[in-house]
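Following this line, the structures themselves.
Shared between the two complexes below is chain A, which has chain B as its partner in the first and chain C in the second.
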Partner chain A sequence: MAFVKTYLIPRLIHYFLVLFLGLTAVFVLPRLMPLDPVEEQIAQYQTFGAYIPPEQLEQIINTLRELYGLKGTLLQQYTGFWRRLFTGDFGPSLAQYPTPVSELIASHLPWTIGLLSLTTVFSWIIAVLVGGIAGYYRGRWAEILDDIVMLIRPIPYYIMAIICLIFFGYIIPLFPLGGGMGIGREFSFNLETIRNILLHGTLPALTLIIVGVAWQFQSMKLIVQSVRAEDYVRYAEATGVKKRIIAFRYIIRNAMLPMVTQLGLQFGFIFSGALITEMVFTYPGVGLLLYNAVVKADYNLIMGILVFSVVAVATSILFLDLLYPLVDPRIRYK
Partner chain B sequence: MKKNRMPVLKTEQLKAFYVLYTFGKQTVIKAVNNVDLEVLEDEVFGLAGESGCGKSTLIKALFADINPPLRLFGGRVLYRIKDQEINVTSLRAQEKQKLMWKFISYIPQGSMSILNPVRKIKRTFKDFLESHVGKQARKEALEIAKKHFGELGLSLKVLEYYPHQLSGGMRQRVTVALATLLRPKIILADEPTTALDVVAQRGVIQLLKSLQKRWNSTVVLVTHDMGVHAHIADRIGIMYAGKIVEVATKEQIFKNPLHPYTKFLINSLPRFKDKTIRETIPGNPPLLFNLPSGCPFHPRCPHATELCVRQDPKCIEVEESHKIACWWVDGKNREDS
Partner chain C sequence: MFGLFRDLLRDYRFAVVFALLCIILSLVILSAFSPYHPQRMYQTPRSRPPSWEHPLGTNWLGQDVFWQLTFAIRNSLTIAIVASVVSRIIAVVVGMSAGYKGGIIDRVLMCMGDTTMVLPFLVVLILISTILREWVRYLVNLGLLLAFFSWAWDARVIRSQVLSLREREFTFTSIFSGMSTLKLILKQYLPYLLPVVLATLINNMSWAIGMEITLAYLGLGIDPTVPTLGTMLQTAIYRQALFWGLWWWFFTPIVASVLLFVVLYWLSLSVSEYLDPRVRIQRIGIRNEKK
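Then we have the complex of A and B:
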């Protein structure tokens, strides 16, 4: 098991080091802010004109410090932070008191994962196939496709999302205007509910796929252009290997490799949600949750989501590294 | 040497130039300029010449692999298939595709990188077979490849490897195997031994030679290594500045070179027990986009006359199986033609 000893273990150590540093940053960064969240909270109460007697104030401050994990010295806070991480307890949400942060994330995560994993995979596959074929054959249609992509590419995503929403949600009301499923609907495994969820997800998914395909199409096309100049492609062409075989087994197969890296990285970002998409379509995912947490200064929730995101990105890169030899046999772990 | 062999590959007045545009300025590089060449069946034809004289371009043109910036400016490339001469340059892509690799095959320069790096050798063989043989043979692709490897004396294990797992010499042999899988009548080999050490070189050259003997096929071998030519070529063509300046049998070229350039070339070769300093050709090779008038060799030629500056000599037979393009032959100017 030379692989385990020389590659896997050092790689895992590396992984845990990244997690440690990343999560420490999650702990440190909020504490570097000039604002004290507790005082902010108290000030907020007081602006409403509430009179709080001093002994009560002391108690409130203590309770709040406990909630925020700000009790004790920095070291005590830090060890407390790790203890809470390992038990999966991020404390209660401050804005939606007393629902625990972990519960909030757990209820929003499936929406985000469902939406983003599908759109990420779909737009990747479409971009790799269409970009590969268009880049290799370079016909009239490929030029038209290229022009269309050139038009879509510079449109900022939020404008694209709003245009789609107005067009397909309002002017031609094909799809609902927002939400993850119909209001008042309980989740259950029946055809009607699933249909409803898909209907709500279509528009956000569509915008994500359009934008995702557009930029990945362009990068795929560029990679294809350099692959088609490789000796093995030129030789296969010169010796009369069928174009179809060259397109799929030589061009797309080889140009796909950098795209796989891109896909792996994108998977890591799924867990932080699609902020703008979820805002525009009021889709109940992690992005929307994060947005609300930021707006309402829900520190516990922000930290919970950040922790998730750090772990997800690091883990997906770990998986990418471990799985890469499956797609590129030249990669060997010494 | 066997007599009365038919030319299997022929070019007539072949002109293939590179046309480049840099900042709107057009540059024409005359890499293959008016080449008349006849390659006979069942022979090894060696093509020699210094770097940048158009050897590789000629091979590309022979294989009808003419892609921009390379363009055909005139002339024809003829293959003789079943006693019929076919002009490949006018064939449609589909018809050409049928001939390539099956009738004529090509081992390109730097052929170490012609194998797809992420496909196993056997998969590459399968891809090539799939495009060229019938449905039945497709299923037997692996068997065909195995049989061929056996004939060539290569280890069958190699088929299971990826290109990067092979040594340079092995990879080169695999490319030879790939190029000869369907027993082509003509094999064009462009510097097949470059970047190999002499031992591996010998292996590759012997492999080519044995294939040629076994199947009575024709090999056109490009290399600037005169030692390799002496080793396996039957006839040798000497190229200079995009032209064939001398064509003769190996013995004639080495023992009795006639063209001044060939003379310089042969005299520059080291010999056993001869410790005298080798003479080099004065001057530099001409730039192919700015050729001198008349005979392109005249600025460097010690025998150049006013006629050489004015007019380009044709390649003419001066003795049996010996053609040269020079106004000065055997010490005197040729007044005829």
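Then we have the complex of A and C:
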């Protein structure tokens, strides 16, 4: 029970404090934007050539403000914001009125989660295994691998994505240039559709995995090199335990722990992390949705996505802290 | 000084990087002698492949790609240097005052830093550059904006170093012999902090160049007619350079920026390796073993 009092409760208080501050920032940030969604809407009517007399314009502005939940003082909007959060209703999207925000997010979220959870896990496993083996055995091939990683690692993600897109989509057209599945395709569970989705997902996944492995490979290698010098490894070597068993059971398993923290943090950033990927490959996920929302000053949609993102980051850090002793028996809550 | 340089050149990585760096810097100097104006269009025949007259060809807008590249590298480096120098200054000032003064100042400064670290950075950057669209069109202003986002982590590192320096013997000696706080910090502490500042400076430069390219892709940041690595690439994509077969227009900024990133990364590795005596001894040891 001491665990609950000294660890769990303070940790939960911290969690709710971070959530409160983060969500307040989510409320404030879009309101600083120079674009007014109501004026954007009216400008859109007027570009279609509609003439609106001044008195009618006033009326339209008032109705729109009421519809969009932008009426009243900031304080009233703020209390309304929290009320809507607790009921889980983020209101209608302003740019694609009247589709509810939650519906838009629900239709885009599976794409992002599917792509990112797979690539995050894959690149983590590859980096841990390859980094661990290269760090333990060392040799000519490990040096070559290291040099390749040193060439890839400094390249920012966006440039990497463009290079992959040009090479595998344009010069050697192995994969389609963009989209989540072929145009005009309906979502259904048959082999052809699944094949199509995989084909569209391969290139974005490939870029994410290349960059992810290059980033984590080196930290894994460094950790392994420090674990390698530990006494228990020397002892195992002296008693003649097979090298393969030392590498996997003694070294990689122990070096994995700091990497688990990284994995957890990456899961938290899935919501906002894929923005560039989704834009380069026009992948229909949350990142693309978010960027379009920012361009069109769609307050409700920006807020909805950011709320999801803040909650996801904070919650995954919380779970990580609570689950850590399960992975690492050396840590005990006092 | 010369001996240090010769030591560094022994590392094959540093030698390669140094040669590439010289080429890049000579391009920057060349930009001052460009026969063309960086922003004017239709100064040359359009869409010509590389030739003696135009070493990297000309683009669809009638600009010489080679001279555009010299301007682009110069401007990208300007942004990077503004961003990294300003953020280093903020980091040193914040880290030192938080570490040396402690107490309430420490807590407020670190809280500010943590907040900029926790927010989903790219989204906030996009929001801010939409808000300040007119302001970030200029090179220096974009550098300042990027600097604002990159001081927090290094301030934390400097703070922790100052915390340990504060407890050392020489601090008390200086205070008791009547040295002023400012002089103590500048004369006694700064030399200890310079290695960290130098190593992070290069990393931060490469981060700033990457951010500029990303923002240009999103249609934010620098005025698109001013050539930087980001705007050059973005213009080539926007004008469908590959579709028209103008590969020299499209690949020039990509190859140049990849080279630049690799050079900066290897440079920072060699410098931090050199500054960390443990690694240096290890390397010398390996060399002796091989003999």
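To be clear about the criterion, the second predicted complex is superposed on the first by the 284 of 334 C-alpha atoms of A that agree within 3 Å, B and C clash if a C-alpha of one lies under 4 Å from a C-alpha of the other, contacts with A are read in each partner's own complex, and residues count from 1 in each chain.
Please note the rule applied: contacts are C-beta pairs under 8 Å (C-beta built on N, C-alpha and C of every residue); 3 or more make two chains touch, one makes a residue touch a chain.
None of the values given here were measured: they were computed from a predicted structure.
In the superposed pair of complexes, A:170 makes contact with chain C only, with no contact to chain B.
After overlaying the two complexes on the shared chain, residue contacts for A:120 are found with neither chain B nor chain C. Between chain B and chain C, C touches the greater number of residues of chain A. In the superposition on chain A, A:236 makes contact with chain B only, while chain C stays out of contact range.
In the superposition on chain A, A:294 contacts chain C only, with no contact to chain B.
Shared-chain residue A:216: touches no atom of chain B or chain C. In the superposed model, A:29 lies in contact with chain C only, and not with chain B. In the superposed model, A:154 makes contact with chain C only, not with chain B. In the superposition on chain A, no chain A position is in contact with chain B in one complex as well as with chain C in the other. Put simply, chain A touches chain C in their complex at residues 18, 21-22, 25, 29-30, 32-35, 150-151, 153-156, 158-159, 162-163, 166, 170, 269, 271-272, 275-276, 279-280, 290-291, 294-295, 306, 309-310, 313.
The touching residues of chain A, counted against chain B in their complex, run 230-232, 234-236, 238-242, 245, 249-250, 253-254, 257, 327-330.
Residue ranges of chain C in contact with chain A, taken from their complex: 115, 118-120, 122-124, 126-127, 130-131, 133, 206, 210, 213-214, 217-218, 233, 237, 242, 250, 254, 257-258, 261-262, 264-266, 269. Considering their complex, residues 63, 65, 96-101, 105-106, 108, 110-111, 113-119, 123, 127-128, 130-132, 162, 164, 179 of chain B touch chain A.
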